[in-house]
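Below, subunit A partners subunit B and then partners subunit C, in two separate complexes.
What follows is the complex of A and B.
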């Protein structure tokens, strides 16, 4: 567990972690004939998957970069041509981008924080022996299995509707007037659905972390007089760190691309126009291919910022695994 | 059997008679806390599950009973809403979803099993680089690739085509599958593989006879997760399909037209749409947990 700390200490702005690792790799050891054969086999087996991944994801992205330098609106087919950085200038000078960026940060950020916190709470509750433990876990993971489109619709109409929604009925029992969630608090509405759907996912990862903690250590701490809160803060939480990071990372990857609840519940109104929804609107409603492609490229660049932090973390996990074996 | 059941009773009896009063009070308090925690856990659990339960319950109501301000609990229940949903051609969308999910999952497995095996063959050189490549494709928002894909499919006349959609789902799920399965493959003990090689088993028999049974649970978990992601996918499906190849999520999204009462029929459609994945997820819960959490951690 000491080796990973060396990797974390790398400069944070390192743009290509893979390349820098190649440089630091020790000289190749001489391989026996059998090992060479095994290596050739390994490469043959991996290649088809790599080729498919390149064809389906990487090449379209390269074309997107090309489009982002084109002046191209599908409504005016004749006027297509090289545009230089015009599309990027349009993106950064128009007000839509900054609004969209803040919407993305608010929605993604709050959904992650809320679902990790609630997920941790539920994981702690489910990690003890109690009546109906298995059934409770089954019920709790259900929101994650729900089709997002169905979840968004059920929340919009059945839970949060101003007239017949269950949440407003619950509030009316408490004497609170009905709230127009969907029109008055659109961002909150989206965050509620996302938190509901992603909490089980976070919970599963954190529960796995809790269950991998050695019981003997906790018992020893309890014998030594450490209360439940102290042993949680000083032992469980540090142990869970790696799991929390992973939960945040995986949740972040999925939530940054989130589209369904926005398209279904708010259509991008009231501070819910995230980058992926804005791109969809520019490309498929405004038919501005060049400008939409520029949004796509920028979205990827932003994701790389998140991803480079994430990759570092994953590398840390891989290298600690390597140290073990 | 009798001794096993008798032991806890006798220890409990001994404890309650011999323990000093203060100890007993402490134990009582401990038990009260434990019961309170259990009740709290169940309140949270049922609160979390409530929207799903309410959706299923509403699906069996009449529209009038579903659209009341104060929820109706005691009301006539029927399957009429499900019949209504199926009359609107819902079956076709379910079949399209099934086709896309199964087709993409099978292709993902065909590509990912050899790749994951290849990545776990020793000596591992550059395997982390290949692995990083797969993970990094997963980081890329689908939005960055959608425009050229849309224009290409439009040019080829392949919009509204279930095969085209399935191929894109392969691209979406492949990295995840490779990543998860690799962790299961690397758990195969080296001795087993070497023994198979000494026996003269060639690569294919080795993979099928020796390695596959060990990693089968991991493959099942990866397959289930790929299936779930494909079944639930909305963005690509809503952009790339219209009538023939329309899958369930975009159909659901356009289900509400705002005219008349629709809550019960919407609930019925949603129930049908989520049923396959929720049931599969419940049944294969252990695998799902292993696949998601352990596959991701290791």
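What follows is the complex of A and C.
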């Protein structure tokens, strides 16, 4: 069969949508039969790569979706079967989901805001020339290089321990009674650890932003009479906008998955049961594979929604402010 | 235009084909999961056994000594896969539940043994043990054996076992002019704790870290001796009963008034630290804690007294836990596996540990004969006799005031319990912090428990 035959054989379509499509797309040049053959070969050759890419990236998610429709508790081997939407009903009526969602928003949100603010402060300091700048930079980055579990253990045993912790010792010097961190302030404890760990990451991105700002612009601003605060607010901050966006986006993606400090320090108590910890509990403590999978699917959908809608909205606010100045 | 339509439908077909490929791969994957459940064929010639175990000192000793077994059985090699307790539970549950067949011998806690046995996942070791006269199955401590038996089938044999008792710092008691009875009540203990509490020293250390195996191990024994229980005889939840409530109120009040600081952070390890540094006057926990407390490096070695678990309404209130060896039905080397299991849980092995590694390292709480061994009694005289008394005194069939439909003391042997215990213990953390009341928390727990109870009816 030749190509022109194919075109003739195509059933007639409603011309209106096709016409509107041509408005958006420039007409394609007619291809000769040989070119088409080459194109088909080229496309065929791409398929294996696409299949592998789909297998590697999408299979786990498809399997998760399949599991989320199963009634499957590992300890009850006889009861496995199709559950319909039961698991999703449990997710939305159980009450744990909304609590966990708000815990995730609070912990992730405050950790990001705090670490961006502190990171910005440190980046501004490190952006100046001084003796031992390189060493200071390396030292400041260290918390981010530490394994999350190790960081959580250090905070649990050395920093925040009620009897021998350094923080309580420091407070006692100031005359403050020892604080029971995990018992009385679980969410704050987790936020502290995360902020400590992610500040260097934010700092690195923002420092890169600061160093890409041209000195001439700042000089010009000061010649025009702008003080350091005005030139920071109106020159540096707009320049840093895309770096802050990047830092918030990457930090958000990483912090959404945070697990170690919660598992090691607070065990999901007092508003620290984030989605990832809840999912772990459903799968490995509850042994409800189907329910855990349903939580997983909902989490992925939510993350996609947040990533595409909320972040775009956030960046729009940022960019309109940037345009004003 | 037409061409565009053509490529569109062409790509649609392709897309359909692609998703078909994707879905069929899911099928292949699932088939892979459910396969591989072999029968029990006995291989000839050299055999390699894979043993999944928990990475605690007694198990490491077993690995160190496995050479003695391999010398006596030149055809059998044993590979140890040691994991942290929670990882072991996850890995072995997944392997056994999906019929993976990766392990020939598994280390199973006494909570899981009856559940797995009922799921038909484990080989009944009873006939094998009884056929083997040298093994002397009647020497196994009766309460432990009872906890591992379901409908007359012995699904695992104990490697070592423990109960719970009250440890107290004799120096602190002498300094305050207090005397600890051998069988204290919880009211007496609470009185001592409140007297001995100072700014630097906790009156008593009690676990507060959430988890069915952390907080609810000691707390369930308190509930039992206060006359409460998780379920009545017909699996009706009793979590918000007056007795359960009183017990939890007592426990949380005691910790808040006279216990350790930051209870939500405090589990077994944290209490061990506190107590062995002399920062707590009493500690109610596992009998296995005595080993590290009396070891070199402990600030309180030799200064500690051991008495029975405090009681209220019952005679005895210690818990019962054992790490056991079991053979999954999916193992293809069951006879060789039993050879090793029977060796590792035998009197012969206990003597081997005593003579080569030292008598204080003997795995305790599995056999009656251990407590008749003069060498062991000499090495562990501070706590061995009382451990034996408690382990023989506890009754896993009816630990509380009322009869219960399961065998087990500080846990309920149903699959839903670890989830239930975990969630209620997380809510009790709010009580420690003053964010919630005991009544509220237990009313929530009652609903969860009723769901778990309904699943058993």
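Convention: the second predicted complex is superposed on the first by the 251 of 325 C-alpha atoms of A that agree within 3 Å, B and C clash if a C-alpha of one lies under 4 Å from a C-alpha of the other, contacts with A are read in each partner's own complex, and residues count from 1 in each chain.
FYI, contacts are C-beta pairs under 8 Å (C-beta built on N, C-alpha and C of every residue); 3 or more make two chains touch, one makes a residue touch a chain.
Quick caveat, the model's predicted, so the values are computed rather than measured.
Visitor: Which partner does A:285 contact after superposing on A: first (subunit B), second (subunit C), both, neither?
Guide: second
Visitor: Touching A:73, do we find subunit B (first), subunit C (second), both, or neither?
Guide: second
Visitor: Is A:226 contacted by the first partner subunit B, the second partner subunit C, both or neither?
Guide: neither
Visitor: Looking at the overlay, does A:146 come into contact with subunit B only (first), subunit C only (second), both, or neither?
Guide: first
Visitor: Considering only the touch criterion stated at the top, classify A:105 as touching first (subunit B), second (subunit C), both, or neither.
Guide: Neither partner.
Visitor: Per the overlay, which chain contacts more subunit A residues, subunit B or subunit C?
Guide: In the superposed model, B touches more residues of subunit A.
Visitor: State whether A:163 touches subunit B only (first), subunit C only (second), both chains, or neither.
Guide: After superposition on chain A, A:163 lies in contact with both partners, subunit B and subunit C.
Visitor: After lining up the shared chain so the two structures overlap, which partner does A:270 touch, if you call subunit B first and subunit C second: first, second, both or neither?
Guide: second
Visitor: Who does A:44 touch here: subunit B (first), subunit C (second), both, or neither?
Guide: A:44: touches subunit B, not subunit C.
Visitor: Can A:136 be said to touch subunit B (first), subunit C (second), both, or neither?
Guide: First partner only, subunit B.
Visitor: Jot down the residues of subunit A that show up as touching in both complexes, subunit B in one and subunit C in the other.
Guide: Residues 18, 21-22, 28, 50, 55, 58-59, 63, 163, 284 of subunit A touch both subunit B and subunit C.
Visitor: For the complex, which residues does subunit A have touching subunit C?
Guide: By the definition above, subunit A touches subunit C via 6-7, 10, 13, 15, 18-19, 21-22, 25, 28, 50-51, 54-55, 58-59, 62-63, 66, 73-78, 156, 160-163, 178, 180-184, 186, 265-270, 273, 281, 284-288.
Visitor: In the complex, go through subunit C and note every residue touching subunit A.
Guide: The contact residues of subunit C facing subunit A are 1-6, 18, 21-23, 25-26, 29-30, 86, 90, 93-94, 97, 115, 119, 121, 208-211, 260-265, 274, 279, 415, 418-419, 422, 426, 429-430, 432-435.
Visitor: Name, in rising order, each residue of subunit A that touches subunit B in their complex.
Guide: 17-18, 21-22, 28, 31, 35, 38-39, 41-46, 48-50, 52-53, 55-61, 63-64, 67, 121-122, 125-126, 128, 130-132, 136-151, 153-155, 157-159, 163-164, 166, 169, 172, 196, 199-201, 204-205, 207-209, 242-243, 246, 250, 253, 256-257, 259-260, 263-264, 275-276, 279-280, 283-284, 289, 292-293, 295-297, 299-300, 303-304, 306-307, 310-311, 314-315, 317-318, 321
Visitor: Which residues of subunit B touch subunit A in their complex?
Guide: Against subunit A, the touching part of subunit B is residues 34, 37-38, 40-42, 44-46, 48-52, 54-55, 58, 66-71, 111-112, 114-115, 117-119, 121-125, 127-152, 167-168, 170-171, 174-175, 178, 203, 228, 231-232, 234-235, 238-239, 248-250, 252-253, 255-256, 262-263, 266-267, 270, 273-274, 277-278, 281-282, 285, 288-289, 292-294, 296-298.
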